[in-house]
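Down below are the structures I want you to see.
Next come two complexes, and both contain chain A; in the first it sits with chain B, in the second with chain C.
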Partner chain A sequence: MDISSSGPIWLTLQLASVTVMILLAIGTPIAWWLAHTRSKMRVGIEAVVALPLVLPPTVLGFYLLILLGPNGWIGGPLKTLTGSPLSFTFTGLVFASTLYSLPFVVQPLQSNFESIGSTPMETAASLGASRWDAFFSVILPLSRRGYLTATVLGFAHTLGEFGVVLMVGGNIPGKTKVISIEIYDRVEVLEYTQAHILSAGLLLFSFIILLTVYSINKKLPVHIS
Partner chain B sequence: MTDFLKATFKVDYPEFGLDVDLKLPASGITVVFGPSGSGKTTLLRCLAGLEKSGTMEIAGEVWQNENIFIPVNQRAIGMVFQDSRLFPHLNVRDNLLYGYKRTPVDFRRLHLEEVIHVLALENLLERGIEKLSGGEKQRVALGRALLTSPKLLLMDEPLAALDAQRKTEIIPFIRKIEKELSIPIIYVTHSMSEVLQLVDTMVILKEGKVVKWGPVEKVFADIQLRDAIGDQHSGAVLDTTVLEHDTEFGITRLDFMGQELSVPLQNIPQGQGLRVHIHSKDVSLATQPPDGLTSVLNILKTKVKKIGENEGYSVDIELDAGRPLLATITRKSLSNLNLQIGQPIYAFIKAIRMVHDSERV
Partner chain C sequence: MVRMTLVKKNPGIVSILLLTFFLFHSFDVWADELRVAVASNFLLPVKELSRKFEETTTNRVALISASTGKLYAQIKQGAPFDILLAADSLRPKLLEKEGIGVPGSRFTYAVGRLALWSADNTLFLRNDLQVLNQKNFRYLAIANPKTAPYGKAAEQVLRKKGFWDQLQTRLVRGENISQTFQFLVTGNADIGFIALSQLKRNQGQLKGYSWVVPAEWHNPIRQQAILLKRAKTNKAAKEFLNFIKSNRVQKIIESYGYSLEHL
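Presenting the complex of A and B:
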């Protein structure tokens, strides 16, 4: 593989890893809240979280472009603070990917928390554990399957995104040019061999990840109370 | 005896409410009895602090009132549930130690070795939870709760999921905890055989309200509680002491408040207690002691204390035999005997049930 392809690959992996880490951090409280709340807002929040599943990526990308651009609600203030808006930057890509892949992390975590139910937390509390303590000592170990699924789905979905990235990040080598866009570029200029290498690589990589996850998942014990 | 626990709870759910005012003693096993849906579990959840409602005071310490609410994890309670709720990712030892590690060092009164010994857990320690039988799981759950050195142990139908054989295995352990470790227990059940084997103080709940509470012998002999307790169990629960064994006739003689009762030979040492249950329909009355011979072995001298108002053909009579005793006789007999309150009367007891046998009744 030549040097011009390894750039996008490296960038893609970086983007997917950072995005997944952020998603796990913010997805956990959202999923926990959705799994346990009796609030009427729940349905609304669930719908918002699921939006990226049904929206065309270009729609999400378009609004994000406006929001993160030099005159947007987020991009504007940031530009006055740091001198640069978020659109067409790596940070902007992370922001966009986080929103785009949100349901892929929140939904498996939510169904995981729902299947665990509220009894392990109550039991841990009756044994003297605070909420944080109970979460880390009981809920998290019981949620290995859920977290594995959420991580893989979030990672894989970020790897494959195209529309949002193109809208928000553009096509700047080394900054925002990820594999999917690189493949598109190569096809445009009829470099089918390069496109093949990248596409087959992505295909194989995704397959291996999923295969690994499903075989680990099979070995992990199921904990349903 | 001063009250150890004082509590008032009021919970309102769309289809269910709980409204109780309780005062319970500092020792022994208090059984909360009632049909499903009567609010037993909700009451336990309130005591544990899993539901926010009302006031609660324990051994002079306020756990909740209008301004104070001590959260679950800071209450010195142990809870045992019907479905053991052991943590599946931890082995037996780590389950046992989960609460112990989270109990402040100064508050630890019970330690691993002691609890392992009391509950006979020696051979289970390194086992995974999925390799335990139902009875073993409940013993571990009991141990785990005890290792938080609770001031109060709350048990929510801990035996309901076990078969009769396992139940009889666990019950002695519960008695032992109360006696040897002196931890008061509040025990919720809808099983009368568990009530009879464990109860010291009884609380009867119905539709979220306390129908009656008090020492077991008083509650059982209350003629107004026929419905709540169930016809087949109506009668007196008496605590007796083994006097001697008569192996020739296969009989064990019991002392009950200075009078004697005979039951089939029991494998219980002299001087030890035996709880018996005398159903009201197994007691008949006579104004005179038998002047001839009778096949009835057990005759107690009593006094008429209260006469019930049954509408049907039978009527319940509460007798005073030092402890309350209950007899069900026909209204015809009542009229023949012309019973008056305070009148001395002989109670002929046709059958005595040992409480540890009640599983088979």
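Presenting the complex of A and C:
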């Protein structure tokens, strides 16, 4: 994945969008499984999913730097396959952000699925709907609230990512130089005006999307079985 | 009486208050220490030097390390540091001009040397930059020229020798020279410009090949020290600066891979 050179703002939005799409795709089955399983593995998986919440980004960044590099378990095989490891690439950042923002997508979806319960699926099944059909035509419409929260939190959290990107990104304009890194650089070289503009912009933008999601959430119905 | 009731009724609150008191008390003890803010490239040498310094006096030295730019911004915002050991002369000069540094206390304690290093022996054919013409490396690591003096020197070398434009897509920038080194050690970048002092101190552990860039290919990396205003009358701070300036210590600094201005 090669994104042509563009400003850090555009790059950050791209990173957050791609990350959220991937997270919704992999977060849905994980959250569904966590919400319905009786397996003993459940608590273990739940703990793993929540790890990025408590770990300092430097821990994740350090492991990723080693894993994604040309000698790493992930970067090594990829280098032989594609000629390039994952560190210092946009794809590498997407990988890192996906891990970093995982709990922000899985947890809202999981509590959403838990609140829906198993009754709607069972009802749909008794009416002859296949599992997939039941999920897409019954569960998804009931889950608008959960998906909205998951999308917004995942997106916003990726926007605010800093430590991990600093460690595995390499500060390449147009590829890995996201807004938070740009702000950091500007502060460092005392260009406070530009730092202010970017910081205030990010603050306002984050506030507006959170405000939007909370006000929409208030209007959407809650489903409790 | 009132106090007694408080103790009896809320042992938890009282212990928290006591704990807080002791914590703050220990912070006060630290405040008597000599606080030296040091650019990340000089952290290791200064660790050894402050140990030696502590042997000769009762003063304790606390080291705070970050990039010069960050330390400068923190000092401007009132960070409680007594001495700055910067990686350049620009920030100490600015501090002097702004009245935050003590006028006349500024001096060059070391001159940084740039080295090109790769863990991969096969990359180097000759002792020059021709290695950069090869296509068999993916990333060249430098420190961020905007924030790190060693990065700026690396940029000057690359521009002077005509590599800057052609290598743009293969440049990765470390936040400071330590991170640049870390990119190379972990194998994420194939080759890079780092401080000679980083190689010296890791001698024996590092494989690969290095080459010291001729000093005249970039502006000298004058690493300057300055006494900060809050330590104007601090005897220990002045002693520490004189200690750094002394011939004996300057020789040690040289052994770490720095050049000297005065000796």
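Methods note: the second predicted complex is superposed on the first by the 219 of 225 C-alpha atoms of A that agree within 3 Å, B and C clash if a C-alpha of one lies under 4 Å from a C-alpha of the other, contacts with A are read in each partner's own complex, and residues count from 1 in each chain.
We adopt the following convention: contacts are C-beta pairs under 8 Å (C-beta built on N, C-alpha and C of every residue); 3 or more make two chains touch, one makes a residue touch a chain.
No experiment lies behind these values; they were computed from the predicted model shown.
Peer 1: Based on the superposed arrangement around chain A, label chain B with chain C as either clash or fit.
Peer 2: These partners fit in the superposed model.
Peer 1: Looking at A:Asp133, would you say it contacts chain B, chain C, both, or neither? Reply first, second, both or neither.
Peer 2: first
Peer 1: Is A:Glu188 touching the first partner chain B, the second partner chain C, both, or neither of them?
Peer 2: second
Peer 1: First (chain B), second (chain C), both or neither: which does A:Ile66 touch?
Peer 2: Touch partner of A:Ile66: chain C, not chain B.
Peer 1: What is the contact status of A:Ser87 with respect to chain B (first) and chain C (second): first, second, both, or neither?
Peer 2: second
Peer 1: Now for A:Thr119: first (chain B), second (chain C), both, or neither, which partner does it touch?
Peer 2: first
Peer 1: Touch test for A:Pro108: chain B only (first), chain C only (second), both, or neither?
Peer 2: The answer is neither, since A:Pro108 touches no partner chain.
Peer 1: Could you work out the angle between chain B and chain C as seen from chain A, using CA centres and rounding to the nearest 10 degrees?
Peer 2: 150
Peer 1: Please work out how little space separates the C-alpha atoms of chain B and chain C at their nearest point after superposition, in whole Å.
Peer 2: 44
Peer 1: Which chain A residues come up in both lists, the one for chain B and the one for chain C?
Peer 2: none
Peer 1: Contact residues on chain A for chain B in the complex?
Peer 2: Counting only chain A, the residues touching chain B are 119-120, 122-130, 133-134, 137-138, 141-142, 221, 223, 225.
Peer 1: Along chain A, where are the residues that touch chain C in the complex?
Peer 2: Touching chain C from chain A are residues 65-66, 68-71, 75, 84-85, 87-88, 166-167, 170-172, 184-185, 187-190.
Peer 1: Within their complex, state which residues of chain C touch chain A.
Peer 2: 67, 69-70, 72-73, 138-139, 141, 144, 146-147, 171-175, 179, 182-183, 186-189
Peer 1: Using the touch rule from the top, collect the residues of chain B that touch chain A in their complex.
Peer 2: Interface residues on chain B, with respect to chain A: 48, 50, 71-74, 77-79, 81, 83, 85, 87-89, 98-99, 102-103, 144-145, 148.
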